[in-house]
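Two complexes come next, and they have one chain in common, chain A, joined by chain B in the first and chain C in the second.
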Partner chain A sequence: MSYVLSASDNNPWFGLQYFQYESQRQQYLHSAIEQVELTVISVAIGIVLAFAISLVIRRFPIAENFTIGLMDGIYSLPSIALFSILLPFTGLSLFGPIIGLTLYTQLILVRGFVEGFRSVPDSAILAADGMGYGKIRRIARVELRLAMPVIISSIRMASVSTVAMVPVAFILSHGGLGEIMTLGYANNLYRQQVVDAVIGMVILAILLDLIILAIGRNVTRWNRQQGLVGT
Partner chain B sequence: MSWWSYLTSSENYWGSDGILNLIREHVAFSGFALLIVVVIALPLGVTLGHFHRGSVIVLGLANLGRAVPSFGVIVIFAVSAWGLNFATLTATLVLFALPQVLTNAYTGVAEADSATVQAARGIGMGHWGVLWRVELRSAVPLIASGIRSAAVQIVAVATIAGYAGAGGLGQIVFRAYASNLPGEQVGGAILVVALALAVQIVLGLVQRTVTPAPMRRTGLIFRNRVALPQPAAA
Partner chain C sequence: MTATSDVHAERGAGTPDDEVAIRLRGLHKVYDNGVVAVDNLNLDIRRGELVCLVGPSGCGKTTTMKMINRLIMPTSGRVEIDGGDVGDMNPVQLRRGIGYVIQQVGLFPHENIWNNVGEVPRLLGWPRKRRRDRADELLRLVGLNPAIYGDRYPAQLSGGQQQRVGVARALAADPPVLLMDEPFSAIDPIARAGLQREFIRIQGEVRKTIVMVTHDIEEALFMADRIAVFGAHGAAEQFDTPATILARPANEFVEDFVGGDRGIRQLSVTSVAGTALEATVVVDRAASAAEARAALQLRSRDWAVVLDEQRRPVGWVTASDLPDTGQVEAVMRGADGICVSTAQTLRHAAARILERDESWVLVVDDASRELLGALTLEHIHSAVRTPIGGDDRHDNDGDASGPADRTVGARP
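Right after this comes the complex of A and B.
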């Protein structure tokens, strides 16, 4: 059962009353997991897509201005509008939020990959060529690794902003903790529920950022010892 | 009602809840917030950039802003004792657009070509001369692009504020959502997109116009250095 309070009654900002009911704990947990799922899926698809797009840009540099411009345009669309426009096509399935969120990651991620590849020193590429690496092996084993610091920082940025964007997808019935927040608002402006949800979102964003940072440290262990490429 | 018939029936455009009035409202509070952002962030960013001070705080602020959902801040204000009124709405909009202008003004001034700055000092320019005649001029494209992304950001956050009854174009989307009218919801969303693109294009032209001609072609190089804005979206 949920509380019925109004803003004028006893409606404190902080506290854990919201969590004293099993059903609400379950709901909160479920929403938090949904928020993480949506973020991880969208960023993962976004990474694959951005990698592919960055390879195309490498091959056809002329495409860079156009592609980045297009993504800049997508990036500037308010999410609430994009999700609403997706509604007739995707209904309330998970595709709506995932398509929207993935599109938003692209400006940051494609730029990360392109800049990352650009940060690879020519000498390393020449050395790989000299050692007889083919093109694919050179990209996979040399360039991608040297580009990693820049790519990882763009992935961190994309993940954090995706977590912050998920709540708006409540309009597609998949808003993660945004659902809890809007329910709290609708439930007579129940402050604790709103604040607990917002704090949860910020904690998720910070945790995700730290996890990717740790993974990035691990992947680029050489970087700390040799300082080959600056972050 | 389909989105097309919603957008093409003239009776939807007039009256206090009509499209035209909501656009006016949206532009009015967005414009006011942008003005405040520029008044606060521009002098601050330029000053800090000139003395190369406070980059940790400036960039940290931008990163912190990314993790906080604007939707959350709006709802928190809406359940506060003040409610979401003109003042709290403006505060929210300013909060989320300030980092864009601040970081770009800082970066633009701080990263003005150091050889040119040295040369200007060498021929006897003081702080003001260097700032006004060298650093500010080379920072113009970055500052303009910061203002542009701040404006886009404000328009987007202002749309979400429609959830808590702030008016503007968000009102159409959220009211249609609440009364389950998908046609109106999509129609409202199309208007929001149109407004966002219009702001983007108009300020893009302004940016081009204020950029000194020789720097226009290097615009892209500058763009790559711009600290990324928070998505318009969140």
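Right after this comes the complex of A and C.
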């Protein structure tokens, strides 16, 4: 049983009335989980894809401008339009939002990986080669590790922007908390419902950011140690 | 190829195979843009020898070095290490067996000092404990306390300390060959001089075959057993000992590159061992003054060295010091500051002479401290003008020096 707001009802911005119905609590939780799922899956696929693309760019530097340009182009597509374009191909499956969201992460993530690799000191690469690191081992144990500070910050940016992008996927009926928000608009602009959805998204974004920050600090501990003794 | 490198190629070819650690044969490198970096180079580098490749920038010295561990592939020609053609080896495996030190140090910023030193052992699959023990040993060898520096990150060390770690890292898996690309040039001059001295000490302990690239002729003269002077176009103009390069530059290019004051600078690289010495009158410490005076008169000299039973100088006397009666030991002057050893250079000897009122110093054997003879400024002068050849710096201690005059040693 869900609460239907009538135009004459009291309609404050803040409050917990929205959560007094079990069905609405269920719906909110379901949407929040979907929001997290979509964000995590899209960013995860985005990271793998961006890593692969950045390796290609490293190998063929000439591809960089073209690739970044393409990403720029995708990023400038209005998200509503992109999801609409995907609709005939993916239907209402989860693939639609995941494909769309992943594409939007690429501008930030590919840049992050490319700039991250670029930030690796040449001397470390030369030393690694001279010591007898094979190519793959050098990327995994030296370059990726040293690129991590830049990569981590791009991942943080990409996840926050993805959290904000998920609601648009309501077009494919997988909008996460965006669904709650949209329903709130439809429900005579039920202010609490809209605001609660927004608050939920902000909390999710902050939590996700903090988690990645914590992971990042752990894998880049060396980077903070540097400041302790001046050289 | 120049006439000089022909000459030295022939000489190099005469070096017995088992003494040669690294052999470069007809080495040629043309870059894609058509620049000839190395032009038909032949060098034989002996086991345990520190060879400096020196020359102006763009002369191909770094390219030559990088062809040894295959960071650069030669256009033609061969590099052999211990008789094996490196062209046939897996480059990754090859490099794990060659220590490598670069100018920018290139420590891994994300690893602590222990792990940085243990990189190659880790690639070779050594267990953790053995890596740590080896890292500790090497950090101590390069003068860093592992307990203090082991868990620091490279950015927490000074430039000089970082390069010490760089050297330790290169030595970690105990490779027989070390390649060093301007290892000390990014370090401030004061720390650099200390590091160079210390590296010579380390080399004395580890005795690696070392190829070191430098643009600094002073560094090469100071550190190298032999120097290959590269000309402008990737050919070796001369390959010889520092003393010979200073004394007999092969051509005008080498002469210009080595620079002025060659005579003075030659003193720093020429050992006292191998310089002609003058016989001196010696007396036993137990001799009487009368015996000493008789010995001096016989030889028409006015001073004599007083020796102990092991023929080590303990003092000296002049004719006018000697009383009519009594013992030599009672009137002799101390031996402080009048001796140099065969391990020291002519520069030390010259400085010692200039500090004293007398015109000579005594030369003693580095190990036994036994008297070999006296050295005067005239000897130093002639040593610089008619230099000793090839390898005399290392292996002819005392041969060329006249023995001290033993016949005069008077017994009581």
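Note that the second predicted complex is superposed on the first by the 222 of 231 C-alpha atoms of A that agree within 3 Å, B and C clash if a C-alpha of one lies under 4 Å from a C-alpha of the other, contacts with A are read in each partner's own complex, and residues count from 1 in each chain.
Throughout what follows, a contact is a pair of C-beta atoms (placed from the backbone, for glycine too) under 8 Å apart; a residue touches a chain by one contact, two chains touch by 3 or more.
Since we're looking at a predicted model, the values are computed, not measured.
Visitor: Evaluate whether chain B and chain C can sit on chain A together after superposition, giving fit or clash.
Guide: Aligned on chain A, chain B and chain C fit with no clash.
Visitor: Would you sort A:A205 into first (chain B), second (chain C), both or neither based on which partner it touches?
Guide: After superposing on A, A:A205 lies in contact with chain B but is clear of chain C.
Visitor: Should A:S161 be classified as contacting the first partner (chain B), the second (chain C), both, or neither?
Guide: In the superposition, A:S161 contacts chain B only.
Visitor: Could you figure out whether chain B or chain C reaches more residues of chain A?
Guide: Answer, by number of touched residues of chain A: B.
Visitor: Answer with first, second, both or neither: which of chain B and chain C does A:P61 touch in the superposed model?
Guide: In the superposition, A:P61 touches no partner, neither chain B nor chain C.
Visitor: Could you work out the angle between chain B and chain C as seen from chain A, using CA centres and rounding to the nearest 10 degrees?
Guide: Given the fit on chain A C-alpha atoms, the answer is 100 degrees.
Visitor: Contact-wise, after the overlay, does A:A124 reach chain B, chain C, both or neither (first, second, both, neither)?
Guide: Only chain C; A:A124 stays clear of chain B.
Visitor: Which partner chains sit in contact with A:S76 here, chain B, chain C, both or neither? Use first/second/both/neither.
Guide: Touch status of A:S76: first partner only.
Visitor: Between chain B and chain C, what minimal C-alpha to C-alpha distance in angstrom results from the superposition?
Guide: 24
Visitor: Contact residues on chain A for chain C in the complex?
Guide: The contact residues of chain A facing chain C are 121-124, 126-134, 137, 142, 145-146, 148, 220, 222-223, 225-226, 228-229, 231.
Visitor: Provide the residue numbers of chain C that touch chain A in the complex, in ascending order.
Guide: 69, 71, 92-97, 100, 102, 104-112, 119-120, 123, 152-153, 155-159, 169, 179
Visitor: Within the complex, which stretch of chain B touches chain A?
Guide: That would be residues 63, 66-73, 75-76, 78-79, 81, 149, 152, 155-156, 159-160, 163-164, 170, 173, 177, 182, 185-186, 188-190, 192-193, 196-197, 200, 220, 223-224, 228, 230-234 of chain B.
Visitor: In the complex, go through chain A and note every residue touching chain B.
Guide: Within the complex, chain A contacts chain B at residues 7, 65, 68, 73, 75-82, 84-85, 87-88, 104, 107-108, 111, 115, 157, 160-161, 163-165, 167-168, 171, 178, 181-182, 184-185, 189-191, 194-195, 197-198, 201-202, 205-206, 209.
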